Amino acid sequence: MNPLLRIEDLHVDIPGAAGVLRALRGVSLTVNEGETFALVGESGCGKSLTAMAALGLLPRAARMRAGRLALDGQDLTRFSQRRWNALRATQVAAIFQEPMTALNPVLTIGRQMTEAYVQHGLGSETEARRRASELLERVGVLPVGRRLAQYPHQMSGGLRQRVMIAMALMCRPRLMIADEPTTALDVTTQVEILRLLQELQRDTGMALLLITHDLGVVAHVAERMAVMYAGEVVETGPVAQVVTQPAHPYTAALLRCLPVQATRDRPLVPIPGVVPALFGPLEGCAFRNRCALAGEDCAGSIPWRERAGQGYRCLRDEVPA
Amino acid sequence: MNPLLEVRNANLSFPTRRGLFGRGTAVPVLRDVSLRLETGQVLGIVGESGSGKSTLARLVLRLLKADSGAVLIDGQDHRDLSPRAFAAAVQPVFQDPYSSLNPKRTLAQILEMPLVLAGDFVAEERRTRVRAMLDRVGLPQRLLHSYPAQLSGGQRQRVAIARALMVRPRLLICDEPTSALDVSVQAQILQLFDELRRDFGLTCLFISHNLAVIERIADRVGVMYRGQIVEDGEGRTFFAGPQHAYSRLLLSSTLPPIPGRPLPDVARPWDAN
Amino acid sequence: MLIYLRDKLALSVLVLLTVSLIGFALLRLSGDLAASLAGENASLEEIAALRHSLGLDRSLIVQYGAWLADALRGDLGASFFTHEPVSRLFLDRIGVTATMAGLALVVALALSLPLGVIAALRPNTWIDRAISALALSGQAMPGFWLGLMLISFFGVTLRWLPISGSSTPAHFVLPVAVLALGAVPALTRLMRSGMLDVLEQDYIRTARSKGLPVTLIMLRHAMRNALLPVVSLSAVQLGALLGGSVIVETVFAIEGIGLLTYRSIQRNDFPVVQAMLVFVSVCYVALTLLADLLNAWLDPRLREA
Amino acid sequence: MSDIALPDPRRAALRRALRHGGLIAGLAVVAAVVLLAVFAPLIAPHDPAAQNLTLRLIPPAWQEGGNPAYLLGTDHLGRDYLSRLIFGARVSLAVGLSVMVLSGLIGATLGFLGGYFGGRIDDLVMYVITVRLSMPGLLVALAVMSLLGGSLVTMITVLSLLFWDRYAVVTRTAVRQLRQADFVTAARVAGASHRWILWHEVRPNVMPQILVVATLEMAMAILSEASLSFLGLGIQPPTPSWGIMIAEARSFLFAKPYLVWMPGLAIFALVLAINLLGDGLRDVSQPEGRR
């Protein structure tokens, strides 16, 4: 499989009134062509920030301190604003969590769908409209003619997310970044949107980088995954392995927190304590203050280890599932 | 014997006001809702957005008035209770841990509030009770004089639960109390609920869109769809084999973290929409 | 939208009636008009006769009713002093005042929209702080004093511009500048905060993720949303500019309705003052209505309210 | 359990305030002017009303013909300009502070009622606000002052009755949002009365915004007093008011421009300081961003 997106040792700082927040501390991951890669973690772990970095859209205050970004062998690290713009939509497209706010309320769906196509010189306004119609038809936003003239507020959340997806597909990107695309939706709508994404991926062959906190969604749609905690990737590997035999204690603990029917007769085991503050340099394992397996050796530097296709950052060999 | 909470054929609609002079139409939100909740039980209400589950909570809390039907607390219409008697019987816990605590008041003030309003306690007794309750919900005493801004989301939700329990109510109305929390924090709060049920014998109306959470916590389950309770029953029976097509759809849409399964088919044959 | 318009119109009429009634009552109850009109040496009989001839001996409600009936026919009464019809006095002078107010708003918008946008694009940088400081200073400047300072500098020291009257376009430069500078601070700050709000919205992130150039994002996606509150404020400001004309026209000796009103106030020429009060209210109500329509054109969500 | 050590919000606000240059500068100037006004009789070198026609129009001390005894010179009646400026601060502050408080009471009350109770009460409040907004404030003030005759008390009354609209609008909006907050609902369910909720739950959360409006209104009142007095329909001579001083100096605009710019500068400095104070208060109470 060919690697499409490579992120290597990414460090991002966010200076603020309370000090410099080390938001990302050496994140590395690779998304291969055509695959679905899930980036999983709880709020504040840096998963969205990583995705935004891959779009060149870090928040204004954030600084990329170190690391390399590459798309299909092209080094993006020193890209100018103009080259980023040329890349977005045509190579990397994105959809976001809140379909209610991600579309501009004062512009029609048609206008918002076609503008990037025309801007990137892929065709005329007429051609853009034709492609928009085809895509709306494909994602099931019907009747197409009327929908193109509508404004976002005239549609339900599920429909808007479909519009977002169609819009992201306009310029035939090779990678779609989906940042919590179904979190704001009802569960039945969530399944519809996930199915749609799967089908579209099969049709177009694009890769999908799925950012989510929901391990259930990951298990159903992703092939490989990375788990983030406190600005670091703590574990990565094929979904089937990571979810059933976690190698990192945090992944295991997260799974024990899920109140799903499969674990009905097992008690919930909450993770005690809270995430450490990420100000200043952090030595050792960030999870050790909440980890049942932690010892004094966890305060030192922790190597990245590999085992049977799984990579993880932990000293312990056996992690109880 | 009367159930602790009974809702009888409640109908409720929101009037849409068309301008200053217009009358407008009424949008039905609750349609002939009936339910019974026995002392010591947890009744889980599950449904998607717009199903009317939060409206049901607000109705029971007397924040809304039904067009017809009745809400009975221990056999007595809840509208006949004095504010004090009602507060002593029913208390709420809300979804948003940020909106549910006044940012300008300390934890001590927030937790004393229900006791001050109940009026039966001297200052010394209020302080003792607040300290005991902090321990009970797992918050350190040193937070007593801090403000909500100094707390994490999970800690805030503990405060909200503590505030609801201060007057030892007989019925707790929880409207999506864990939905705004991360799963690890959600697990902490669900565990707290388990402990509190054991210690206080809580009776609870627990509303959530998350079937897995409901399954963990509820003895009985009610499924709401478009303002109606389309199915209700004992928890284990329900999860073993839901009867209504919508319940089955809801259950099959819940995705467990088990790899290798395809996404379910969620066509809605009964509801061409 | 139609229902909204209907309500708004009905409300406007009610508001105008209330304002005219309040104005009427205030002016009538604040003192004995006949006594002050007749002069200090008038006898009681003379005052009574004057009161009767002006209709001031009738009850307040009757007087108001009579005024209203006339006003609806376009008859605003006649000046107590020159005995000219008030409507004529107004029509002769409205052009000057309206021109000034309109020009001032255009100038103010031309200054404050770019300033607000620049400040919002570079928040908390030196340029943002400089613009904020400018806005704060402008807000602290008394208009009449600014006018006098401008006269002293451009008119007397430099001798570039005429300092009073309204006969040539050059006469309007200083008064329009004073009026415009009065409106700039509020508009700039609103534009800045509006833009800051909009730039944080998810749909701006969406637009950026589509690789659109910054100028297009600004013009198509951000400006339109940020303009909504500015449109409303502009309407209010234009009303305020008409009211503010009293000071500017006094300082620069311009024969507009502001100066007319000032003189009429000084000599208790009640019909003129009442007319001015109602005129400004009508302008305000009409302008806010216009702003609502403009906003509905800008934002489709408002069309359905 | 290791906590994220978050600071006490009040202490954090105080720290932000102390680091806020504009707020400190504004506060310093306002405090200085207040001291000047309170101790005017002790500080002013001369009686501000004492005329001496032999000492007319002395230029400031640093100009040719200046007299060190009259640091800022004298006006057309030979009164000491510095002393008049110092006493003028009394009028400005008296009007500014009184109008700030009185109009605040009117506006905030209306805002609380409309915002909290909503429905028909809110319709009524909105109607009253609209009526007020559609009346030209300065014009009405001019007309009423002209009929009633200018005095400090009339001035304060008239301005207070006119300039409460911003209080009402801001308070109403803020209270409307707070009314929806879950902590208000929790208090209601706990049996709190409307009065209890308004005082304990709503008021503390609106106060910062009301304070910011208060500074704006104080500045506005000071400017209005100056304008009205300048037009001859406000405070009446010989009371030293900055607006009157400018009006009296107007005839000497060409010969003695400093007589005009000095009182104007005083108004400008005081109002600017108050605005800085207001901006600072807003920054400090809303740390999430400058708006």
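Think of it as A, B, C and D in the order they're written, each chain with its own count starting at 1.
We adopt the following convention: a residue touches a chain if its C-beta (ideal position, glycine included) is under 8 Å from a C-beta of that chain, and two chains touch if they have at least 3 such contacts.
Model, not experiment: these values are computed from the prediction.
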What is the shortest path, in steps, from chain A to chain C when you may only step between chains that touch? 1
Ranking chain pairs by contacts puts first C-D
State, to the nearest whole Å, the distance from the C-alpha centre of chain A to the C-alpha centre of chain D. 52
Compute the distance, rounded to whole Å, between the mean C-alpha positions of chain B and chain D. 48
Give, as an integer number of Å, the spacing between the C-alpha centres of chain D and chain C. 22
Going through chain D residue by residue, note those that touch at least 2 other chains and give them in order. 1, 3-4
Chain C, residues touching no fewer than two other chains: 11
Listing for chain A: what residues touch at least two other chains? 272, 274
Within their complex, chain D touches chain C through residues 127, 130-131, 133-140, 142-144, 146-148, 219, 223, 226-227, 230-233, 243, 246, 250, 253-254, 257, 260-261, 264, 267-269, 271-272, 274-276, 279, 289-291
Residue set of chain D touching chain B in the complex reads 1, 3-4, 6-10, 123, 181-183, 185-192, 196, 200-201, 204-205
Can you name the residues of chain C that touch chain D in the complex? 11, 14-16, 18-19, 22-23, 26-27, 30-31, 123-124, 132, 136-137, 139-145, 148-149, 151-152, 156, 193, 196-197, 236, 239-240, 242-244, 246-247, 250, 261-262, 265-266, 268, 273, 276-277, 280-281, 284-285
So in the complex, which bits of chain B are touching chain A? 48-49, 152, 154, 182-188, 190-191, 209-213, 215-216, 239, 249-250, 253-264, 266, 268
Which bits of chain A are touching chain B when the two form their complex? 42-43, 186-188, 190-192, 194-195, 198, 213-221, 239-240, 243-244, 253-262, 264, 268-272, 274
